[in-house]
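Heads up, the next two complexes both have subunit A, just with different partners, subunit B and then subunit C.
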Partner chain A sequence: MKLELGYIDIKGIRFDDYNAIEDGVLVVNPDELVKPVLEDELIKSAHFEIAAPGESVRITPVKDVIEPRVKVEGPGAIFPGMIAKVDTVGSGRTHVMRGMAVVTAGPIVGFQEGIIDMTGPGADYSPFSQLHNLVLVMEMQDNGATAHEYEKAARMAGLATAARVGELARELVPDEVEVFETPTIAQSYSDELKDLPRVAYVMMLQSQGLLHDTYCYGVDVKRTLTTMISATEVMDGAIVSGNCVSACDKNTTYHHLNNPVIQDLFKQHGKTLNYVGTIITNENVYLADKLRSSDWTAKLADFLSLDAAIVSQEGFGNPDTDLILNCKKLEAKGVKTVIITDEYAGQDGKSQSLADADVAADAVVTGGNANELILLPPMDRVIGCLDYVDKIAGGHDGSLRPDGSIEAELQVITGSTNEMGFNRLSAR
Partner chain B sequence: MSKYKLVHYINQFYGGIGGEEKADIPAEKRAGAIGPGLALNQAFGDEAEIVSTIICGDSWFNENLEEAKKTVLEMVREDQPDVFIAGPAFNAGRYGVACGAISEAVKNELGIPVVTGMYIENPGADMYREKVYIIETKNSAADMRKAAPKMAKLALKLAKGEEIGASAEDNYLPNGIRKNFFEKKRGSERAVEMLLAKINGKAYTTEYPMPDFDRVDPQPAIKDLSKATVALVTSGGIVPKGNPDRIESSSATKFGEYDITGVEDLTAETYETAHGGYDPVYANQDADRVLPVDVMREFEREGIIGKLHNKFYTTTGNGTAVASAKKFAEEIARRLIADGVDAILLTST
Partner chain C sequence: MSAKAYKVVTNNPLVKERLDESVELYFFEEDTHRDLLERVRDFVHKGYRILTHPLAGSVKPWETPYRSVMITAEKEDKIDISSLEMIEQAIFALEKSKARPVVLNEKVLVDFQLIDLSLIQSALPSAEAQGRH
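And then the complex of A and B:
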């Protein structure tokens, strides 16, 4: 599959009474953009706010971060099976609004997770502190729907809003164009590729239930078997996030659209390695599911005659088991494996970092210790609310101080210890 | 600006006294820098200098450990240095052990920051890496040119009271404390590079060496369950509604002990989960799904178990450090044993 990504650089966002992209600035009419969101009877209120890098702004609780994209050539549309028809995406041309994101926030359901600070020490840890963010703040009705239904309403509102914003980039001339092409099996044995080591990317997807789910072409990933996907489909929004709890190592939709392992494997493809495919596998809570899914990872590795693989994890604790199972079974098939994880070594850094371990996991990249404490100074403006800071994963009773500062673990910061290797943060 | 003062410890060989045949010379102190100290002084530039050098035979130190430590400590105390520096010992075993032992003593007994250096396979490395900063060197003195600036950099940071970075940043052997820092490249790029090295049989360093797991053998089976007192313990975060002790949703710092005398069934009105790591809807609807009080009461009535202990213990496993979990478990076990509990049903999520 061959996909061209055309990047439109966004250098700012402002509100007005029309919608456009003017000289790299996104202009939106917030009243118009919020209307379709409010059509959902589960959503009581919604409004937009803007947060720019360097501003004294704290966004919390963050649910998802989504990069606006639009398909301009080729079949399907962004977020297939979710808000677009289920047609296969990943070929043709897609425009990307680079440098910005739609962020969904507000007290929605369950534990209220995720902080993005636009300045100060917290801004060093979240990739989204460097983006121009259009924040959709929502509040849910209390009209008898289930928690899962409210979560879905918020998730869909974010995706639909990002797609609407993305439409504004349809007719623009990109600032930069990149081309990605994935090989078929036959092409992976072409003269240029056949002598290079055959490498796959194994992407583990969180699938543990409410606020811990991921969707692929609209399918709840916990109801899937391990399967394959073209890396270019991922760039067109085939995989979206439904999880944000312990926000530090959850893959937002933005992470999926900009998967760094996929990008970095493409950079080496045809030079030092042969990137033959992408395997997606879930992280369910039952042992039988873990065994079946990891068996299947190894089977697909076998089908592809892999020499090596990179495995990225999502989450921690329970999924450490899936990670180690995948690694062990790949190594047992002779597939040289590198895993990407993060650590929970305690606030003092002295504890064992993972809940599972095996000697086969001898090549590990870490996104850092999520338990390490950070002091986030007060910000002039809060988008969302601070009511939940003491309760979120990584917070504790007294995390929120009277002056608005927060002492908490890095765990509270959206994307801080990402396990796709999105960041430079690490630990030793 | 006055320079920071250092005292340097070296063995008889690097002190220019002699080889193995002189290894039994007792400690002696000389003014200024000698041998490897000259390279260190050069690395310090204008910021610090070695004011005295203690030369000690490796055999004498190791064979007269207590006396040797006392003698050397006194020599260090006289000069009141800002930092004490030992070696580097490279791959010399007894020298490495001496560097580790004297560094530990200076740090603990004189409260002076210390730096030493050695090769990772030096026996002193494993003995002292968690006690003192050991700069990693290669296995021979040919590495002195590279080791000196590393030792000097860390020594200066210690002298100035600056925060010490992660082991990979400040070049010391991992000391069991995980510390965050920013790499030059993002994780995915490091993963691709590590993979290429692994494929091509080249050297690479894992960023997290796998730990040795602490496996616990199960207790022998209970012979007669109908006489046993069974307690419920969970890491699934079940707490009385409202979470009275505010157990954290992740990275718990405490556990709760709650009385369930007369409680037949956990309901949505009375119990909930504090755990942030799983879908809480089903546990909040009926907390028996995680902490099966209802079924245990049935077993109690039917005589399958003797009785259900009147207290349960709970915490959240989510992101909780193993060291914390161990501490909770020791205290919970102590209380259960004191209460005469025979068995526990441990539920997780």
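And then the complex of A and C:
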């Protein structure tokens, strides 16, 4: 599959009474943009706010971060099975509003949601502090609907808003165009590629219920078998997040659209390696599902005649078992395997990092220790609310101090220990 | 209710409330999270196998007091070593963080119940579909 990404650089966002992109600035009419959001009877109130890099702003509780994109050529449209009808995406041309995101914020349950600080020490830990953020703050009706229904309403409002904003980039001339092409099996044995090591990316997707789910073409991933997807389909929004627990190591929709493992594999394709495919596999609670899904990962690796694989995890706890199962079974097939994870090694960093381990896991990249303590100073403006800070994953009673500062673990920060390696800090 | 090949060991009152009619439960209301995991270990020692992973999927075990674990309905003659390793690992994961603060806010406790319920519910279609556990 061949996909052109045309990047439209966004250098700012402002409100006005019309919608446009003018000289790289996104102009939105917030009253108009919020109307369709409020048509959902589960959403009691909604409004937009703007947060720019470097501003003294704290966004919390963050649910999802979404990059606006629009499909301008080729079949399908962005977020198939969610916003657009089901049709195979990943070919043709897509325009990307680079440098900005739609961020959804608002409580669904009384804990677990993330923080994005636009300045200060917290900003170093979240890549989203570097974006111009159009924040959709939502409050749900207290009408007896279930938390699952609220989660869906918030998820769909974010995706639909991003798709509407993305439409503004349809007719623009991109600042830069990048081309991505995935090989067929036959092409992966061409003269240029046949002598390079055959490498696949195994993308693990969390799939465990409320605030722990991921969707592929609209399918709840817990109800899937391990399968293959074109990396370009992922760039067109085939995979979206329903997942924000805990904030530090959950893949937002933005992470999926801009998956750095995929980007880096494309950069090395035809040079140091032969990027033959992308495997997606779930992380279910039921043990037989874990066994079956990891068996299937190894079977597909065998089918592709892989020499090596890169496996990225999502979340922690029981998904550590899926990670190790995938690694063990790939290595047993002779596939050299690198795993990407993060650590829960205690605040002193001395405890065992993962809940599972195996000698086959001898090549590990870590996104950092999510238990590490951080002091986030007060910000001049809070988008959303701080009511939940005491109760989110890495916070605790007393996390929120009277002056508005927060002492908590890195877990509270959206994307801080991301296991795709989408982090700003490194110990390289 | 027809006999099922699995049972759920839980200390979660919301699991009791929502699943009691459709699933066979061992409900231990007074159990702490640690007690519940030890109780699951006792079942494993008696020959039951674990069917769902005893660790949550990203809710930290030292924060939530609630846990539900699915086990086989019938015990077997010998101990399942992988079940035993898994429950020992889960207890270790809980133990390494015993110094951590515990959230006691009522609304948050109900939400922890909800997440645990959702986790165990996510396993039910798989458990129902499967022939041999």
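The definition used in the following text is that the second predicted complex is superposed on the first by the 420 of 428 C-alpha atoms of A that agree within 3 Å, B and C clash if a C-alpha of one lies under 4 Å from a C-alpha of the other, contacts with A are read in each partner's own complex, and residues count from 1 in each chain.
As a convention for this text, a contact is a pair of C-beta atoms (placed from the backbone, for glycine too) under 8 Å apart; a residue touches a chain by one contact, two chains touch by 3 or more.
Quick caveat: nothing in here was measured; it's all calculated off a predicted structure.
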| item | value |
| --- | --- |
| Clash-or-fit label for the pair subunit B, subunit C on subunit A | clash |
| First (subunit B), second (subunit C), both or neither touched by A:Ser241 | neither |
| First (subunit B), second (subunit C), both or neither touched by A:Val285 | both |
| Touched partner set for A:Asn258, first subunit B, second subunit C, both or neither | neither |
| Which of subunit B and subunit C A:Thr321 touches, first, second, both or neither | second |
| Which of subunit B and subunit C A:Ser293 touches, first, second, both or neither | neither |
| Touched partner set for A:Arg223, first subunit B, second subunit C, both or neither | second |
| Per-residue contact with subunit A, leading partner among subunit C and subunit B | B |
| Contacts of A:Thr272 with subunit B and subunit C, given as first, second, both or neither | first |
| Which superposed partner A:Val364 touches (first subunit B, second subunit C, both, neither) | first |
| First, second, both or neither for A:Gln206, with subunit B first and subunit C second | second |
| Part of subunit B, among the options 45-53, 99-107, 171-179 or 243-251, whose backbone runs into subunit C after overlay | 243-251 |
| Doubly contacted residues of subunit A, that is, touched by subunit B and again by subunit C | 110-111, 147-148, 208-212, 245-246, 285, 316-318, 344, 346, 351-352, 390-391, 393, 396-397 |
| Subunit A partner contacts - residues on subunit C that touch it in the complex | 50-61, 63, 70, 86, 89-90, 92-93, 96-97, 100-101, 103-105, 107-108, 110-112, 114-115, 118-123, 125-127, 130, 133 |
| Residue numbers on subunit A that touch subunit C, as the complex places them | 109-112, 147-148, 206-212, 222-223, 245-246, 249-250, 283-290, 315-321, 344, 346, 351-352, 355-356, 390-391, 393, 396-398 |
| Contact footprint of subunit B on subunit A as seen in their complex | 110-111, 113, 124, 146-148, 197, 199, 208-212, 245-246, 260-261, 263-265, 267-268, 272-273, 285, 307-310, 312, 316-318, 336, 338, 340-341, 343-354, 357-359, 361-372, 390-397, 409-411, 418-428 |
| Residue ranges of subunit B touching subunit A (in the complex, touch as defined) | 166-169, 174, 176-192, 194-196, 198-199, 204, 206-211, 213, 246, 248-251, 253, 276-281, 317-324, 349 |
